[in-house]
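The structures come next, written out as structure tokens.
Two complexes follow with subunit A in common, the first pairing it with subunit B and the second with subunit C.
For the complex of A and B:
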């Protein structure tokens, strides 16, 4: 990594923080009820879900791979948890645990196939994206689970003032990943594998294990995001995760995580998610057509990629 | 690396045609309706759309890129054509070329940004997907256009060659022929494949690789627009959701068809004949499985598994070629 890349790693989160601050100030002064306790709660709840989605992508971006199946695994998590609770009457805790484990398994399938075949993760997860989504629809026959137990629904709406309960585990996961990448040996091994796989192999790092670990963690986080989405919607829909693809990439990349691997910024991704959540909230408060949201996030990401392009001179050729 | 051949002298496209034929025969035995004229016509129409979608992805795969925005571009072009004809009262002779131009411009923009920012095409075309689809929905307020000019409706209903061939299928074959000629019979085509196989070597030997990347993305946008218009003619309406949310429903088929046909994700290998075989097999499987009562969702799973099996088989064949030298 050259010095320019390091500067970038710090400059991008800084720019995002500035953008976030300006956005928050603007919304506070707009007089649209942005600062109300309830609106802040809505904002933080949206942040929590998008954060999990973004981290699910960030962990595979760290090794220079992609997971197109995050949305499908999220749906898998939501309907497994919903199905177990509603159809089989399993307790919410065990249902959600089983759903998270299933997400981990779905991620493990991605990782094992990538490891065994040495295929591009893009094409592997494109295939599993279709397989898992098909499975979800086939099992549910495209019907949502409405009759979820009260305890589970309570988790989706419980809050202390402006802080939703679901915000707490998300912050814990965030802190955990910051420590993981910044302080832990295995976290460094993940980044080394992403930066230079051949070098990592020569350095006797367990490359296949690292790849499997990242895909499993990605699946766990995606399933968790799906479960939290179900709790928030008070029902488990098979359409969960339909629109996660862009946001899952947008937040980490806005925050300075490299698509080519080896370079992540968890704080940057959190700031990216905050900007996205703020944009979504602002559009709601101004009662703008929700489709502007996709357009706005797309344009923001596009602008970031173009603006930071000077930093990627290292790549000589792009297709 | 030689083209992927199995033991005998059968080439991959020939294998795909045989497989498609075998499946068609099997489905015909299972349910005789499979071979009646209405079903053959409807099968052809879906082959036509799928084939052009596959070609749109093939155009960028050839140079080692991907285009996530194929679906969004196709829908945006069809919606633009629908709006021009129904709301602005433009003649179809002007509206259709304008829609094609829009698709080409979207593709060219992606390509230009890819080479200028040196960012990989995945992320650029992913952002392009949401920008294009978002702009389309905002502009049209997500309402479709279903009063197409009678000339176009009549054209789509035409039957050629004794009532067995639809003009939409003819358009798809024409597009395939054009892509084949450019890719295999022009210097530009060979340069594209060389850039796809080894960009550095191509650049060093004086090939204008950056222009070729823009060209391939523009061609992909044009083909996506053609696919959108053909689908519009088939449905007799331009509908915002005709390729699913963000055009995602085209994503899987756009990759599975060229890759079934032997195209490489890493560029340098692209077969139009393989693409035709892939589209045929894909459409026969889908039509046959749907008529024999398999639901749409299971179908998606089956095609996901098929994609996985194809790339694994291709990988094994490539490894074998390498081992043989």
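For the complex of A and C:
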């Protein structure tokens, strides 16, 4: 079981890294302007947002749960930040902080309900997915906030050459999570809870606290992704996050994170996001209709998952 | 001497069911105390009350003679009461050291986990306990016995005054069990009070000083010294009636052409040169240590593992079956898995449906409709024969005790009328009375002409039931013994065959099967 799991964990990111490298080389040689500073900036900006979305899902996957409400919490974050700035004139920093806190609270609701009712997180977050999204539409009457302050809008487009400013916090969060899962007590408690919840409980780990923490962090990251999306679009739309669900699962799973919990690969998820971002970028450069994007990412996920599953046949008797 | 830990009048009900009724128990420092009883007698409930996992409805817990509350496992652990549970509760991808220390992993000055310090602490503890496992290894790479040693090391990290072990030898070989006993004696000598929960009577006599026996939630024998507690009395106390303990086997010599014959079989999992034949009406024992490839061989016969060389021939058919479906449907092979929870039963489904599952095609109407009444008619007989004690066949299988679940697994195949039955550890974790019933039915199957392949790690069971015994070691058959029925003689011969094979294979290590690839 374990050898397979280890191979699985190592093989998948390696395969992804190879795929990424091949894709980048192909695109560089394609002569469609892939290597231009502006295109790389677009690529990295897209990567930044999708990365936050993927991490928001990964942190609950780590305990073997799901958060179907990431997109809705993202919209909540975008709308709260946008509304505070436009309607109430609150400074961008405080607006965004309030929006992130709201995302954390939205996640906390998921976590508390899961802890109290022992319901499957799928059901709980399916409900809050509709509730949060509905709240956003009801409050905004489906109208976006356009009149955002210049400082906020500047954050969405500022860059140093090919590197968007928003890339920096995302990389810091990535590194933080790698350390969290690898070297911090609480991060290890998260993995232990995901691998064997009863074992973690009998090992005297704070299981309920771990579950709550993961849902809160998932909410925080989703709201942050929503805010960054608003900054990038220069306006806060209630539709933010509509299409996140697929990528939020696809990137971690491509990267070797297990749906069953206890096994995560932050690096793998980053590679997964990079491959998805690259695929989208390639489709844009080849002027493919954006309506094909979902099909492409779906096929990528499908292909990888099927390939991995067939690769690990004949291990039923593993001890 | 006052008890380190004592329970007085402990009572606990689940709904209308009183699992434990005014139970008393006392554990003394440095003593190994056995807690015995059949499945469903209340042992688990009592352990969980002592470990702070459940709260008693009535009665009290005394620690060093003082009434104490154990509201959670955490509080119990802080008091020094630790449980080694029957199920493994380790984190497979974590190292041995991290599993032992878990919430007490040492930190570096920057607040990050210090894995090398953890390894040093764990190594010191493992050394002290005489457990030879490298602390940096991933737990998933360890054998069942080693994993259990890690669990024990885990509860002994910190101050442990009372250690409770729930059926600790269920997945251990006799040699591994002996190692465990050495470790437990060492702990007792260091002043730890030990409560040893087991079904296995010989183990209890070998290890423990005294026994408390539970039956139907009540204490029927309280801390009785085993030196003045004859086996017959102990069994009587457990089951409430006497059972022919240690009945002598009566192996038969079954002649005739084989029902299934394996010749020179090699498999994708590493079996080599397997010769084995089961005749109709024969009980063929397949004995070997856990991990020697017995279960995997059974799966090859079932068509679930690829055969890479040699042949498996069934009477009148060339084999093996292409699939498990074919094995059941056309070859009429029945299989009672060692892992009844995962492979044998649908725990959420009614008992009736579980017992019927292998025969649905036979009892279904032309359109595939299965009448409830037909199901009940088909299963009522076999279940009655197996003394399955339940009133309502529409209850979920999960509501049954382990022994009764196993009876349902067996009944399933009695309904299906198999020609070859494979039993894989049929009585593991099953109480004495249920074991007796299951044995009776395995014999009856054979007498009715069914071929039986009996896989078991319980040598006594193999010798009691089998007509012939194949010995397996390291994915090879290393001996075929005609059963004389004499336990002393047969056990020596079986062990000798395994030892000879092990000596041989460690001398020529290059011939060892590459099981790692599949693990």
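The rule we apply is simple: the second predicted complex is superposed on the first by the 308 of 319 C-alpha atoms of A that agree within 3 Å, B and C clash if a C-alpha of one lies under 4 Å from a C-alpha of the other, contacts with A are read in each partner's own complex, and residues count from 1 in each chain.
By definition in this document, a residue touches a chain if its C-beta (ideal position, glycine included) is under 8 Å from a C-beta of that chain, and two chains touch if they have at least 3 such contacts.
Please read these numbers as outputs of a predicted model, since none were measured by experiment.
When the two structures are aligned on the shared chain, A:185 is found in touch with subunit C, with no touch to subunit B. With both structures placed on the common chain, the touch criterion links A:204 to subunit C but leaves subunit B unconnected.
Of the two partner chains, subunit B is the only one that A:245 touches; subunit C does not reach it. In the superposition on chain A, A:117 contacts subunit B only, with no contact to subunit C.
Of the two partner chains, subunit B is the only one touched by A:291; subunit C is not.
By the document's definition of touching, neither partner reaches A:143: not subunit B, not subunit C. In the superposition on chain A, A:37 makes contact with neither subunit B nor subunit C.
In the superposition on chain A, A:262 contacts subunit C only, with no contact to subunit B.
Comparing the two interfaces of subunit A, the one with subunit B and the one with subunit C have residues 315-319 in common. Interface residues of subunit A, counted against subunit C in their complex, comprise 1-6, 179, 183-185, 188-189, 191-192, 195-196, 198-205, 262-263, 314-319. Those residues of subunit B that touch subunit A in the shared complex are 60, 63-66, 113-124, 126-131, 133-135, 137-138, 141-142, 195-196, 199-200, 203, 209, 213, 245-246, 248, 251-252, 255, 259, 265-267, 295-305, 307-308, 311-312, 315. Only residues 66, 113, 117-120, 122-124, 126-131, 133-138, 142, 242-243, 245-246, 249-250, 253, 259, 289, 291-299, 301-302, 305-306, 309, 312-313, 315-319 of subunit A touch subunit B when the two sit together in their complex.
Looking at the complex, you find that subunit C touches subunit A at residues 73-74, 77, 83, 85, 87-94, 98-99, 102-103, 105, 107, 111-113, 138, 140-141, 143-144, 154, 268-269, 291, 295-296, 299, 304-306, 516, 518-519.
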